[in-house]
Structures are given as C-alpha cells and as structure tokens.
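Notes to accompany the following structure.
Each chain carries a letter (A, B, C and D) given by its place in the written order, and its residues are counted from 1.
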Amino acid sequence: MSEPFEPKITAFVCTYCTYAGADLAGTSRLKYAPNVRIIRLPCTGRISPMFILKALQKGADGILISGCHPGDCHFTHGNYHARRRWMVFRALLAFTGIPEERIKYSWISAAEGLKFADLINSITEDIRKLGPFDQYHKLIEETQAPASL
Amino acid sequence: MTKILFADKLDSCVERWRSAGMTVIGPVQRTNSSMYDAVKSASELDLNLVLADRSIKELFFPQSEPMLRYNITKSEINTSEFLPPSGPRIIFGARACDASGLAIDDPLFGWDYKDEYWFQRRNESVIVTIACTKADEFCMCTSLKLAPDSTKGSDILLRPLENNKGWQVEELTDRGREAFKKVADLLQEGSDPAAATVSVPEKFDADACAEWLKNPENFNSHFWKEISLRCIGCGSCTYLCPTCHCFDIQDEGGSFEGIRRKNWDSCSFALFTMHTSGHNPRSTQSARWRQRIMHKFNYFPGKFSANSCSGCGRCTRECPVDMGITETLQEISKLSQ
Amino acid sequence: MTENNSNAAQNIYKPAIMKIVNRHDEAPGVRTLRLEFQDPLDHELFKATYRTGMFGLYGVYGEGESTFCVASPETRNEYIECTFRESGRVTSALARADIGDLVTFRGPYGNRFPLEEFYGKNLLFIAGGIALPPTRSVIWSCLDQREKFGKVTIVYGARTVADLVYKHELEEWMQRDDVELVLAVDPGGESPDWKHRVGFVPTVLEEAAPSAENCVAILCGPPIMIKFTLISLKKLGFEESNVYTTLENRMKCGLGKCGRCNVGSIYVCKEGPVFTAAEVSRMPAADL
Amino acid sequence: MSIEQLYRTRAKELLSSGEVKMVIGYGAGSNKERRRPLFITSAEECDKLVLDSACISNLSGYLLTEGLLSDEKRVAVFLRPEGVRALNVLAAEAQLDTAQIVIIGFDSPKGELKALEGSSVEEFTALITALKEITPETAGEEQLAKIEKMSPEERFLFWQEEFSKCIKCYACRQACPMCYCRRCIVDSNQPQWVNTSSHTLGNFEWNIVRAFHLSGRCVECGNCDRACPVNIPLRLINRKMAEEVLNSFNHFAGTSKTQEPVLASFKKDDSETFIL
C-alpha cells in the first residue's frame, strides 16, 4: 500500500481578518487539518493572481484565498478590488482546465476562528477526494526532465 | 541507374531504423502548426509541406534546455549535469535550407569552446534532405547562393521522382551511407527520372548587400529607421530562424535546488543587451533590427565565412507586420546600386 | 574547461565552486569578495590560464550568473577577488552571501592586458568610480613586478569621497614613493577634510598633465567619462593605440555563443574585454 | 470615388494642411493577402496607402511608439471599430491623449469595405455602444462552446496541447496595443513569478498571465491571434474573458475614454456567489 494522499494546500490570507481568525482558531484549541501552509499578506488586495500561479508551480493541490468580509477591510475597500479580480481569474483558470474546486475563496473575520477551522477541514477533505493535481504536477515534472530530443 | 527509395518502402525503412535503435524524426503536422518531431511510423510524416513552420534548429538547440541541476546544503553545492539525449537519430525529410542552417552554425558553437549540447546531437544525427519541388513566394535560398537541392549540412540528398513514387538517393557522407546501409535491401536500382527542382527566383544581390553593409558610413544611415518603423520587437523571426543562435541562461527553482537552463533569446528584445545600470547599447528597435541584419550578413560572415541565413524565408512568412530579411536586403540591393 | 577538469565531461557551462573567504565593504552598495577554489583542479586550471584583464561569470545558484572582471592580479592567483555594486538579482544575492558561503565562478574568459609590451614604459592608470577594480588588477600586476616598468601614475576619481573604492589600497599607494596617485572627487562630493583634488576626471587629468612620452594609458570608467577622458588624453599627446580600456557588455555565456555582447564584428567576451582606444574607435559608436 | 481614393485624399489634406504630422495606415504587403503598416509623413506618399478588407491589423499600438506623441502634434490613424475601442482603453489608462489622434475609420463587415464617419473617439460612441449588444459572429464561438462543454481535464489537455507549441517569442504581447508595459511581468526577475523558460509549464503560466492582464481591456482586435507563429487560438481565451467581464460586470472594454478600468474599480454589490 502506498502512503495515503495528503493534499498540499496553500492559503493566502489577509493579516487583519483571516490571519487573526486562524490565530483565534489556534488559541481556542480548535483542531484543524495540518495540510495548509498559511501565507500572510497585508490585505486581500495584495494577493496577486501571480501568487496562485506560483503556488501551483510549486506543486499545490489546492489553494485558499481569504480575507475580511465586505465592508470590514482595514484599508476600506481592498477586498472589493480583490473580489473582482478573483471573479475574473477564477473564470480564466476554469477555462484553461484548472478545476474551480481546487481554488477556494472565503471571507473569515478575526472572530471566526471556528469558521476557519471548519473551512480548512472541509477544503482538505474536498481536495483529498479530488486527489493530487496530477495534470499540473505532470507539467512540473516535465521541467525536471532532460530535453526530449 | 541510380539508387531509388520508393515511397511505399518508407514505412519499412522507418521501422528498420527504429529497430536499429535510431530515433526517426521528420516534419509533422501538429494542431494548426507544423514542426520536426519524432515519429513512430512513416505515416506520421508530412512530406508535402513546402517547409515546416518551425525550423530544424530546435532538434539541436531546444528552446529550453536543462543544463545543470543544483542542490545546495549547508556546506555543499552538488550539481549534476543534464546531457543531451544520446543515441543515433535520423532526420528524414529536412529541407536544404534547414540542413544548411545547421552547417552554418557549427563553427559558432565550436569556435574555441565546444558546446556539447549542440555537437553531441550533431554527431549523432543523420540528415536526410529532400530536394524541393515546390516553393512559396517567401523562399529565397537562391539569393543566398544556396539551392533547393543544396547538400550543405546534409548526409543524404533525396530527389523526388517525376512520377512522385519515391526518391533518387544521393549518399553524401559516411554517416549517411551507414544509415542507408541498414535499409539497402529496401532500395532499388532504377532509372526513373527525378522531378525538376523548383526554381526559386533570386530576390536580392547578397554580395552587393554585403559590400553596402561593410561600409561604416551606412551604419548610421537613415535607412535603418525607415525599414524598421513597423517592427514590433517580437522574437518570431529569430525563433523560427534556422541559424539564429542567441540564448539566455536562467536558473529555475529556489535557493536550495533547481535547474540552470539555456533558453532561446532574441536580439529583437529590448532587454537583450540592457546593462544593469540601465544603459542599453541598442535601445531602439531600429538599432536592434540593424544588429540582426549586420550580424547575419556582415559580422557573422566575417568570422565564420558564411552568411548567417540559409534563405528559408520563415522570418518574412510569419512576421506579424510583414517585415523580414527579404524586404530589407532588397532595399539594400537598391541602395547599393 | 578542459578534459582534466574534475568537473567531468566538457560542459562548458558548468562553473567552479568557490568559497567566500573574505568580504569587505568598499563604498555604499559596493563590496569586494575574496573567493577560493574548492576543487584543486579548478584552481590549477585557473592559475594556468588567468591573466590580468580577463573576466569571469560570478554566480549564485537559483539566481543566475553575472559578469565582472577579476579584480585581483595574475601575480596573486591563489584566490579571486571581485568587486561589484549591488544592483540586480545576482549581485544582490552575492551581497547577501556571508564568509564561508559557497558561490560559483566560470572563467577566466576573454583576452588580457599585454603586460610584457608595457615593460620599460611609463604607466598612466585612469579610473572612475566602480571602474577601479579592472584597473586595480593591472596596477597590482605591475606593482608586484615594479622593476619592469617606468613611472606609475594613477588618476582616480569618484562622485563622492564615500564612493571611492579600495580606500585602504589608495592609502598604501599614496604612501609609496614609486607611485604617483592623483585622487579626485566630483564637485560637491568632497568632505570637509578632503585633502585631494575636486573636479571631474578629464579635468583633473589635464591638470596633472602626465607626459605621453613612452607612456601607456589604461583607462576604465563609465562611457561618458571614457568619452571625455579620451579627448583629454589626445590633448596630452597620447596615441589611441597607446590607450587601453575594457568594455563591459552584458553577457550570458562568456564563450562567444550567446550573441549578447556582440558589437560590430567583435564578440567582447572572446576578443575583449581589453581593447585599445584605436580598436574601440573602429567599433560602431552607436552600439556601445 | 472608392473609399481608398477618398481616404488617400483625406490623408493628403491632413498632411498638407499640417493638421497631422503623420498618417499611420496600410500599404501593400509582400503578397496579395498581406497588408503592412505604413507610416506617412508627406502628402506625396499618400498614394501608397491601401485600403481594403485585407487591412485587418489594429494599428493603434503604434501610437505608443516612444516619443511619437510627446511633441503634442497630431497623428492620423486608420482604425476599425476595435481600434477605436483600443484608443479609448489607452486613453482611460492615461497612455495617450485622444485629442492628438485623428481617426480615419473603416470597417468591412462580411468582407465589404465601408467608411466610418467621425474623426474623434467621441463620434464613435454610438457605434461602440451598439457593438456591446451584439455577440460577434466569429468562427470561434463554436469552438468556444465546444471547450466549455469539456470536462476540466479535457480542457486542460486541450490547452496543454496548444500551449506546448508556444515558443515564447512574445509576438502576442508585442502585437497587442494593450501590452505597453515598459517591463513585462515575465521580464521582471525580482521576484520571478513566471518561468521564463518555454517548457509547457512556463508557456501555460505565460498565457494565463497574458490573458489575465488583458481581461476587461482586450478589444478583440485579433492582433495576438494573427501574430502567433504557431497558431495558438488566443482569440478563444480573449473572447471568453470578454464574455466574463460583460456578464459579471456589464463591462465592454473601450466604450469611452473615461471608462473605469474594470479591474481597478468595483461595486459593493458585485457578485460573490463563489466566496465561502
């Protein structure tokens, strides 16, 4: 038997809401899946689609992007800008065959430690069911191989 | 009587070469674009193309070639080398311009320091060129003193038969003879006449152009700006060119492990010569186009005694703004009169 | 690289591994690293081939390679010194590297200063700012065999006092009585205790007015300084064929293949980087 | 008088009166199907201008040639409706001042050449607004529908095959009037977000980045698609993204020179059905 598949998930979160929410989950001793690597950014407005591509390039099976609820942004409307960008980028990725189910977006406030823990657990489960992102991983492996001709 | 390879035997030949451990490569049609690629059977080959969209150079100088894998620990740097895939290969159905292009670049990759990525592939490849019986309006080999049936760079030259049923075989090198020995029993002696090679009209006077380019006064001619006004600075001409050989070296990966690669690069790009200080010796598109022409028809021949152009015409054929070497040299021909 | 290189095969793109044994901050953003070969065979090869004037590609895996001169002279080939300004991706990585860290070196490449042709002649070194390093390797090559040369004059200028590199060596040259050192900073760049000249290099050079008689000039600096210094040298009676300089073009391979450093019919990496002013004047000026 | 004749005369007048310093139009190409960009600065040369349905490339990108508009003189340019839209986008992004541009408008629906009235972007507003309501009848629609019906895996394979051909010559970028960045993100190396190598992964990344940066800005002139030397159907991605911004944000790129860039603006009630 091979090792059971453990998905690698990258989470890009804003520091004011979701990161604080993750903190709360921790201090509240809530249990959540250890599959997520959290990367903290000042605001969802700072989360460039380049980050998503980079995470995929480094072999992520799933990605979570999360920030403050609409209206709660520390910078007043960074998350509104982000929301538009996600909408468009999401459609683009879907069109090129990068499954929507692998890239999730959420609003999690500093008070929602429970939501954070639940979400991480459910995403991890979902991605586990989807299995590794083989199609993309194959492209990565190709870059490691010698020239074919 | 000459040796003839009949088309209906080609599949057996491919099979024979493959079972002898050779990789068989030839022009193939991919989705909406043609290129040279490995094939498993002769049916995959598209020998009716005037010319594959992409040149033969990528078989010897891939667009991205991994060179070194590095692995860094606290006290050590470990590197391992990527070597080009070894083993003999036969490129069936090259065109004379593509084959000549390889021969043109040999001295460049070999002067002083030998680039093994190029030469290992060169030494293990048999190039079977088929003389052209058709051309399009962009073909210009004859203007470069080459011809649709030039033998430069080829190991075997095939001349299509008039009845279209096969090819007369001209063995040019030992390497070619060796490869065709493997299929000797599939060849026949015959007297079927070869079809006439296509006549490609001369479009410019390369010697006159060379003279004009050598004159230092013309370096600052207003001509360069005028001829390149519409150039958008993409790399399509250089990347499709069988002789353009410029490259970049890039590390991909992280600080601890990754791969150092050799990637195509182009003198058309503004960043090609940009210094870290911000100073750019060739800061305008016209300077870059001048460099491309000068390099191909003045500097390169001065060093390696051949124009760095084999007249395939791809630069013009695929140019998004309908520029190219042909037009520029035609204009220079006029100027030099 | 040749067959006896222990780095196997003949992969001409494979660099030697170097350890940083010393580093020194020369000026704001400018740093000197002293590097030692880790593989004795690489070192042997370097000793056998390195001559003053050649350059190398200094690299950090994961970032890339960057071209600059070997700032140490052929007379001191136990190590390599390089001096660079932190500006791009590779130089930033080199600047982050600490003593004991490993970096890479590929080279030495290019041509050299024809030192033996300078025997018995007076030498005039002229450098501006960060261009002292290539000049410095020649200076030390000559000072290490001082008896073979005539009078040695060094004219060095930088934007400000802080921007002068190799301050400790300038001090040393200043003390020597077999070297005449003329130091200058651009107007406005002087500090209150600056005892030397103030002015641009060409002006300072004309003031110092070294004799062109039996003299070779070695000139390194930014393009604008070179341009005006050449005019001054001409005024002083220097022939273009007696003025040497180095060209610093962008390079990737250093081996005459990647096409980047090509100026006119010259591949700077193979036929340069050392040229006489006469050779440079035959190159298309617009492409320099 | 043919439209070509009419416009040659127009160009002559513009140049000889000094109203414009240059006319950017089309000239004969290296064969019958090809037209090439032509830059004309004197009235005598205007007879070199060619105008027919083969004049398809969008010439608006040339207006950003360094230094061309910096003297505040005017330049006339032959544009199809997409070209005018491109002008609006460039103006909205503060890349040029439309007051410096004299439009010589034309179109060729179903291969038939027709002149378009107006010389300033404002005069084209009605035409462009009307375009917004029409789904372009391109051959791409069918293929687009086919791709959308595919499973994600099939879609991935489809694009993998297409992108594997990419040679990263950046003809798509250079041909695009919207790709005017002085340093493209792929050429920025600190940090290096996207692999510069042209392996399939690097090609995939590049094409995604390109499409994303054009989302809501692309006017579907087709320059990129035609420029691609290996015939990657870039128009399909651009079409898809144009549909997306139209459906999601009711945004049609280039309707006016003051239009807010769609990804630099927002509405508080933008759809967010996908956000958990």
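Criterion: a residue touches a chain if its C-beta (ideal position, glycine included) is under 8 Å from a C-beta of that chain, and two chains touch if they have at least 3 such contacts.
Note that the structure is predicted; figures quoted are calculated from it, not measured.
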| item | value |
| --- | --- |
| Winner on C-beta contact pairs when B-C is weighed against A-B | B-C |
| Distance between chain centroids, defined by C-alpha means - subunit B, subunit C (Å) | 38 |
| Geometric centre distance via CA averages, subunit B-subunit A, whole Å | 45 |
| Distance from subunit D to subunit B - Cα centre to Cα centre, in angstrom | 32 |
| Mean-CA-position distance for subunit D and subunit C (Å) | 48 |
| Subunit D: positions in contact with at least two other chains | 195, 197, 199, 202 |
| Residue numbers of subunit A (touch at least two other chains) | 143 |
| Numbers and ranges of subunit B residues touching at least 2 other chains | 64, 83, 248, 250, 252 |
| Interchain contacts (touch definition) - all pairs | A-B, A-D, B-C, B-D, C-D |
| List of subunit B residues in touch with subunit A within their complex | 23, 25, 37-38, 58-59, 62, 64-66, 69, 82-85, 89, 252, 259 |
| Subunit C contact footprint on subunit D (complex, rising order) | 189-190 |
| Subunit D partner contacts - residues on subunit B that touch it in the complex | 30-33, 35, 53-54, 63-64, 137-138, 229-230, 232-236, 238-240, 248, 250, 252, 261, 263-264, 266, 269, 271, 316, 318, 320-324, 326-327 |
| Residues of subunit B touching subunit C in the complex | 67-68, 70, 72, 75-77, 79, 81, 83, 108-109, 111-116, 216, 219-220, 245-251, 253-256, 258, 260, 262, 265, 267, 272-277, 279, 281-282, 287, 291, 294-295, 298-299, 302-303 |
| Subunit B partner contacts - residues on subunit A that touch it in the complex | 143-149 |
